[in-house]
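Two complexes come next, and they have one chain in common, subunit A, joined by subunit B in the first and subunit C in the second.
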Partner chain A sequence: MFEATIDVFWLITVTMLTAFGLAVIFGMLKVMNMAHGEFITIGAYSVVLIDQTGLPWAVGVAVAGIVAALVGLCIERGIVRHFYDRPFDTLLATWGISLVLRELLEIIFGRGYRNVSPPIDGMMPLSFASDAGYPAWRLMVMAIMILAAIIGWLWYRRSRVGLLVAATVENPVLARSLGMSTGKIKTGVFMVGAASGGIAGALLSPGLRIDPLIGLDYLISSFLALVIGGVGSILGFVFGAGFVGLTNGAVAQLAGPTNGYVALLVLAIIVMWRFPSGLIGLLQSRRSQFQLAKINDDD
Partner chain B sequence: MSDFIKISKGFSKLGRRYLFVGMTAIAGTTMIGTPLLAADPVKVAVLVPDSGAAGLFGPSTRNAATLAAEQINARGGIAGSQIELVFADAGLSPADVVGSVVRLVRQDKVSAIVGMHDSAVRVAVANAVRQQVPYIYTPVYEGGECAAGVYVLGETPQQQLATVIPWLSNKKDLKKWYLIGNDYNWPRNTNDQAKGYIAKAGGTVVGEEYLSFDVSNFDASIRNIQASGADTVLITLVGGASVGFNVAFAQFGLADDVVRLGTLIEENTLAGIGAANAMNLYSSSGYFASNDSAANKRFTADYVARFGADAAQLNSLGESAYEGLLFLEAAGNRAGSLDFAAFDKVANGTSFNGPSGAVKMANRHVNQSIYLANGTGGTFSVEMEFKNVASGETCM
Partner chain C sequence: MMMIRGNSNKTLKMAAKSLVCVLVVLALVYVLPTFQKYQLSQLLIYAIACLGIHLCWGRAGILPLGQAAFFGAGAYSFGLLLKGNASDIFTASLLFLFSVIAIALVAFLIAAMILRRQVGPSPQFAIITLALTILFGQIALSWSSVTGGFNGLLIPVISGVDPFSDAFFVVICGVTLVCYTIARWVGGTPLGRLWMAAADDELRVQLFGFATHLLKAICFAIGAGFAAIAGGLFALHQGLVTPQNSGFVFSAELLIWTALGGRKHPSGAIIGAILAGVLSLALRDKIIWWELIVASLFILVVLKFPGGIAGGFLTLISRYKGNSGNQEVQPIRPPADEVDKATLAREITVQKVTVDAGPVRIIDNLSLDIKPGVTQCIIGPNGAGKTSLFNAMTGMMPPRSGDIIAGTKSLNTVPAWHLQRFGVQRKFQTPRIFVSLTIRENLWIAMWSKHLQRRDYLSHAPLKWHLDIIDDAAQIFDFLRYPDMQAEELSAGERQQLELVMIHLCAPTILLLDEPCAGLSPRETAMVADFILTQQKQSGATCVIIEHDMALVSKLAARVIVLHRGKLLAEGTWQAIQKNAEVRAVYAGGIK
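Our next item is the complex of A and B:
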C-alpha cells in the first residue's frame, strides 16, 4: 500500500514538474507554447554537459534553469511578444521554434541516447516491515519539488513582484496605465516558465532516456494535465497534475500502464466535454453555487 | 533561366566551366557512391531510416552501406560492374516509401534494393517490388517473411533464442522468466518462440506483459516483476521504452539479483541505459561492435578510418546494411549478373564472410553466428559465439 502511494506521488511529481512551465505561460500569458517540451530537453542536456565536466549535479540543475531562461528570453523578445493577441499564431510560431530547437539539439549532440547518473545512488528503505526500498534520488526530487512549491507560493502571495505579475495578468491595460512595465513582466513570466521546464528536465534526467526528440512526449502529457485541471489558476494546475498522476498511477497498478494512459485520455475527453473549464472550474462553480445558496438561506 | 544565362555570360569561359562543375556536384549530392569508371555503374537502392522512430540508426546505416559499396567497387564491383548507391528515406509511412521505391525501380532503374527498416515498410515494399529486382532485408525482425524475391539476412527470434536460452539458463541457473515487451508483432512472436525454449530448458514463465509505446513510466511493471519472484526478465521493449525500463529496473535495485536478456539491445540503447544500470544485462544479437574477432576488428578499423572516430556508433542494425551489400556481391558474382531470375536461382546456398562471421543463405534466410554479450560496465563483452545458427524459417 505504501509502495502504491509513493508510486502515485512520483507520477504526480513528474506531471507537476513537467507541466508547470506550460501552465504558467498559458495561464498567465495566454500563449500556447508548443516549444515547451524543448525546454525540458534543454534541461536534460545541460546536465549531460555538466556531467561530462565533473561538476556536481546541482550545478547542472542551475545551468539548466539559466540556459532555458535565456532561450526563453530570446523566444519571447524575438517572436512571441508580437503575437500576444493572436493565440493561433503563437501556436504556429512556437511550433516552428520547437522544430528549429530539435534540429539544433540534434546538430549539437547527435541522435544517440545519452545517460546521466543520479546525484545520490542507492535506495532508501520505506518502512520497517519490508526490505523494499525506493530510489533515493527520486525521494530527493520529490522533496525539492514540495519545497519549491511552498517557497514559490509564499513568494507569489507575499512579494511585491508577485503582486505586479498578478496585476498584469488580471488587467494589463490598467496595470500599464498605473506605470507598470507590463512588457518586462510578461518577458519575466515567460522566462520563469522556460526555466521551470529546464529545471524539470534536469531534475528528472537520471531516469530519462535523453535524445533530441523527448520534448514531444512532455508536450502531450502537459497539455493533458492542463485540460483536465483547468487553466488559469495555480490551484487548478495542482489539481490537474494531481488528478492525472492519481488516475494514471492507480489504473496502472490495477490494470497495467497501457490502461493507465487510456484512463487519462478518457478522463480528458470527459472533462473537455462536460467541464470545459477543467475540474477546477467545476469546483469553483460548485463553491459559488453553495455560497449563493447560503446567502439565500440567510434571508 | 534567362537570368542564369546572363550571369554565366558574365563569367569567363573558365569560370563557366567551374560553375557547371559546381552545379553538377550540388545536383549529385543525393547520389552517393564511387565515381564513374568504365561502363555505366549498376545502381543499388538502399532504404535507410533517416526519420521516424528508427531515425537513430540512419547515420550508421548510411555509413555502413557507403563503406560496403566502396570496398566492393575496389574488389571489382558486382558481376564486373561498379555499383552506385541511391539512398531513400525508409522512415516515412509505408505508402510514402513505396512511392520512393517505385520511382527508384522505374525511373532510376536500380538493379537491387537493400532495406534496413521496420516490417510494415518491408511488407509494403515487397508488394510493390514483386520480384522485379532482388530485395534484401537486413535487420533483426519477427520472422515469417516468405514472399518471393525477398532475401532476409536479419536475425529471427528462433535464431536469437534457440541456443542462447538453454546456455544462459544453465550458466546462471535461471528458473523463473518474466516476459516484457512493447505491444506489436515482433515482441509477441519472440515471446511465443521463447516459451518453448524456456520450457525445454526447465524454466517456467511467471509473467508476461505488453506495453503500448506511449508508456513512459515503468514502475508498475517493475512492481509486477518483484511480486512474481522472477529471476530473469526477457526484454522485447524497443527504443526509449527499453532505456526507461532498464534504467528504472536498476535504480530499484533489481539488477544484482535478476538477470536481464534482451534481443534488441544494441550499443545506442546501452549508452542510454548507462554503465551503472547495466549490471547482468545480456543481449543476443548477430553483431556487436566490440566483438574482437579478426574480421570485426578489420571492419571497425575501416569504419573509423573512413568516417572518423566521432562517426555514428556502429551497431547491429547499421552494420546489417553492410552485410546486405556483401550478400548482394556474393550472389551477384555467383549468378554473373543482378538479373532477378539468375539471382534467385543462386540465392539459396550463397555464402560470404562478414564482420560477424560466416553467413550462408538457406530458405531465403541465413544461417549465421549469434553472439551473447554481457553489458555489465557499459560496453558489450561477448561471452559466447554460437556458430552457424539456423534461422528456423522454412520458406520454399
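Our next item is the complex of A and C:
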C-alpha cells in the first residue's frame, strides 16, 4: 500500500517535471510548443552520451539542460520568434521541428533502445516489516524536484525577472517602449522552457528505454495536465499534474496503461467541455468571489 | 431569360467537365500497367483522407492532427463488420456506409463538445485529435484479440471484388471524384462561407446568430467521414489493416501532403497526396534524409507559402486570365424571416449589476434603463466601465451579481449566438470583419443572420440575396460599390463602416455601438453619423452609442448616460448633462 502511494507520487513527479517547460512556454508566450517532447528526448540522449564517457550522472543532467536550451535558442531565434501572433502557425512549425528533431535523433542514434545506469544503486527500504524497497534514485529525483521547486519559486517571487516577464506578456508594446528588450525576454523564457524539458529527460533517463520516439507520450500527458489543471497559474499546474499522475497511476495499475490513457483523454474532453479554464478555474472563481465579498464587507 | 441561359451554360460546363474526367479515367485504365493502377488507387485513397483535412484546416480553421484515427477507425470497423456478416457486394456496401456514418457521428460529438467553449483557433482541439490518434494506435496494437495486434487485421474477401481489377480502379477514381466534388461544392455554399468566416473571426459569426461550434463540428465530421471512406477502401485495397494505418506517423504524413499540395483548395489535397506519394515511393529508400527534407519543406510551406502548390497555380492562372469577376446575377429579396417577433427586445434593464475582472471592480451596483426606440449615448472618462457594460450585456463578462434583462429575457449568461434572437447587435470598438472574404461575402453573412433557414445552408439561393439597405449605404460609403474587393484591402475607417453596415443588415431592434467613429476623419464621421441617424429614423430601433466626441454626442443623442467609475453619474438630455455640475467636475479632472 505504501509502495503504491509512493508510486503515484513518482508519477506526479514525472508529470510535473515533464510538463513544466510546456506550461511555461504556453502560459507566458502563448505558443503550443509541439517540440517539447523532443527536448525531453534530447535531455535523455545527452545523459546517454555523458554516461559513455564515464563522467558522473550529474554532469549529464547539466549538459542536458545546456544542450536543450541551445536547441531552444536556435528554434526561437530561427523560427518561432517571427510568428508569435499566429498561434496555429507556431503550433505547426514546432510540430514540423519535432518531426525534424526526431529524424535527426534517429539518424544519429538509430532506432534501438538505449539505457542509462542509475546514479545511485540499491533500494531504499520503505518499512521495517518487509524487505521490499523503492529504487533509491527515484527518491533522490523526487527530493531534487521538491527542492528545486521551492528555491525556484522563492527566487521568481523576489526577482525582477518575474515582473519583466509579466510586463512583456501583458503588454509587449508598452514594455518595449519602457526600455525592456521584449525579444530577449521571450527568447529567455523559451530557453528556460526548453532547458527544463532537457533536465526532465535527464533526471528521468535512468528508468527509461530511450528511443527517438519517447518524447511524444510526454508531450501528450503534459498537455493533458495543462488542460485539466488550467493554464496560467502555478496552482493550476500543480493541480493538473497531480490529477494526471493520479489518474494515470491508479487506472493504469488497475486496468492497464491503455485504459489509463483512455481515462485521461475522456477526463480532458469533459473538462474542456464543462470547465474551459480548467479545474482550477472553478476553485479560483469561488475564491476571488470570496475575497471580494470580504473586501466589500470592510467598506 | 438571362437566368435560364446562365443556368444552361453552367450545365453545359459541368457536362464538359465530367466528360473530361471520364475520358481521363478511361485513358488511365488503358495506358497504365496493372500494378501502377494498383499503386495509384492507393494514392487516391490517401487523397480522399487529405480532402477531409482540406475541409477542416483550409476552410473551417480546425487543425486535424489526428486524421489517421478516423482512417484507421474506418478500416478496422469495416473489416470487423465484414468478418461477422455475409460478404456479397450489396451487404458490404451497406456495412461500409454504416461504419462511415457512425464514425462521422462520433467525430461530430467529440468536436461539438470540445469546441463548445473554444472561440477562435484552438490549439487545444488540435492536440486532442493528436491524442486520439495515438490512443487509437495503442488500442489497435494492444487489443489483439479483436484487432489482430501488431500483425494487423485480415480483411475477408468479398466475392467479385479484386483490388487489381480495372473495375476496382475505376470505382476508386469515381469515389475520389465524388469526394472532390463534394468538398468543392460545399466550400461554395453558405455553410462553406460561414466556415471561412468563423476561421477569420468566430465571435463575430456567433454574434450574427450562428452556433459556430456546431458548424465547425459538422466540418470535422465530414472530414472524419472522408477519412473513414478512405480507410474502408484501403482495407479492401490491401486486404489487411495494421496499427500503422491509424498511428500518428501516418496522421503526420496526411497533414504534410495536404499542406504541400495546398490546403486552401480541394485540388491541393489530391495534388499533394499523389505527388508526395509518387516522390516518396521513388526516393524514400534512396535518400536517407528524405523524411527530414519533407519535414523541413512542410515548415517552410506552413510559414511562407500557405497556399501550397495548388495555391501557387491558382494565382498564376488568375494572373494570366485576369480577374474574371462574378457574373452579374439577378438579385433576389430574402424570404420573410421566421423569427419569433415576441422574442425581440426593445429595451434593456440593468438591475444592480456588478462586474469584476479579477480583483478589479469594473461596474459597481449599476442600475439603469435603456429606453426603447431612442438614440442614447453613454459617455464617461476612460475606465468608467462603458465597454464593460456592453460586454456584460452581450454575455462576454457575466455579472457577479444583478440582472441584465432584454425585454423579458435575462442576458446574464446567454451564449453569444442567442443575442441575435433578441434583436441585439453589437459593433466593436476595433472593427471586426472577415478579412479573408470579399465585401460581398461579408454582407451576405450579415444578411444570413436573420434569414438563413436550415434548408438554405446548402443552397445557392442565399448567394443572390440583396437588401435595400445595401443600396442606401452604397450612396454614402463608396467602397461598397466594389463588392468583389477583398475586405483585407479596406482601410481602418472603411472597416468601421463595413461592420456598421453589416450589423444594420440584421435588422436589430437594439444596437450597441462602441465608438463607431473612432479613428475616422471628420468627413467620414459625418457620413457615419448621418447613416446611423437615417437608419434609426427608418427602423425605430433602440440605439446605444459609446462616444467621446461631444459634438457628435450632441448631434446624435436624444438622451445621455454618464458613467463614472462603474457607477451612474447622471442621465438626461444633452442640455441637462451639460449643465450638471458633477459631470463638469469629472470631466475637468476632478474625482468625485
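Methods note: the second predicted complex is superposed on the first by the 281 of 299 C-alpha atoms of A that agree within 3 Å, B and C clash if a C-alpha of one lies under 4 Å from a C-alpha of the other, contacts with A are read in each partner's own complex, and residues count from 1 in each chain.
Criterion: a contact is a pair of C-beta atoms (placed from the backbone, for glycine too) under 8 Å apart; a residue touches a chain by one contact, two chains touch by 3 or more.
Keep in mind it's a predicted model, so treat the numbers as computed, not measured.
Colleague: After the match on subunit A, would you call subunit B and subunit C a fit or a clash?
Modeller: Overlaying the two complexes on subunit A (C-alpha atoms) leaves subunit C and subunit B clashing.
Colleague: Examine A:7 and indicate which partner it touches, taking first as subunit B and second as subunit C; both and neither are also allowed.
Modeller: first
Colleague: Of the partners subunit B and subunit C, which touch A:103 in the superposed model: first, second, both, neither?
Modeller: A:103 contacts subunit C only, not subunit B.
Colleague: Tell me which partner A:261 touches in the superposition: subunit B (first), subunit C (second), both or neither.
Modeller: After superposing on A, A:261 lies in contact with both subunit B and subunit C.
Colleague: Looking at A:208 after the superposition, I want to know if it touches subunit B, subunit C, both of them or none. Which is it: first, second, both, neither?
Modeller: first
Colleague: Is A:111 contacted by the first partner subunit B, the second partner subunit C, both or neither?
Modeller: After superposition on chain A, A:111 lies in contact with subunit B alone.
Colleague: Where along subunit B is the clash with subunit C: 9-17, 117-125, 279-287 or 315-323?
Modeller: So the stretch of subunit B that bumps into subunit C is 117-125.
Colleague: Using the superposition on chain A as set up above, list the residues of subunit A that contact both subunit B and subunit C.
Modeller: The overlap between the subunit B and subunit C interfaces on subunit A comprises residues 217, 256-258, 261.
Colleague: Over in the complex, which subunit C residues touch subunit A? Could you list them?
Modeller: Touching subunit A from subunit C are residues 61, 63, 65, 110, 113-114, 116-118, 121, 123-124, 126-128, 130-132, 134-135, 138-139, 142-143, 248, 252, 259, 288-289, 291-292, 295-296, 298-299, 302-303, 356, 358-359, 361, 400.
Colleague: Under the touch definition given earlier, write down the residues of subunit A that touch subunit C in their complex.
Modeller: Subunit A reaches subunit C through residues 32, 34, 79, 82-83, 87-89, 91-93, 95-97, 99-100, 103-104, 107, 216-217, 220, 223-224, 227, 256-258, 261-262, 265, 268-270, 272-273, 276, 288-289, 291-292.
Colleague: Show me the residue ranges of subunit A that touch subunit B in the complex, using the header's touch definition.
Modeller: 3, 7, 10-11, 14, 110-118, 121-123, 132-135, 137-138, 206-211, 214, 217, 248-249, 252-253, 256-258, 260-261
Colleague: Which part of subunit B faces subunit A closely enough to touch in the complex?
Modeller: 55-56, 58-59, 183, 209-212, 214-221, 223, 226, 239-240, 243-244, 247-248, 251-253, 268-269, 271-277, 312-313
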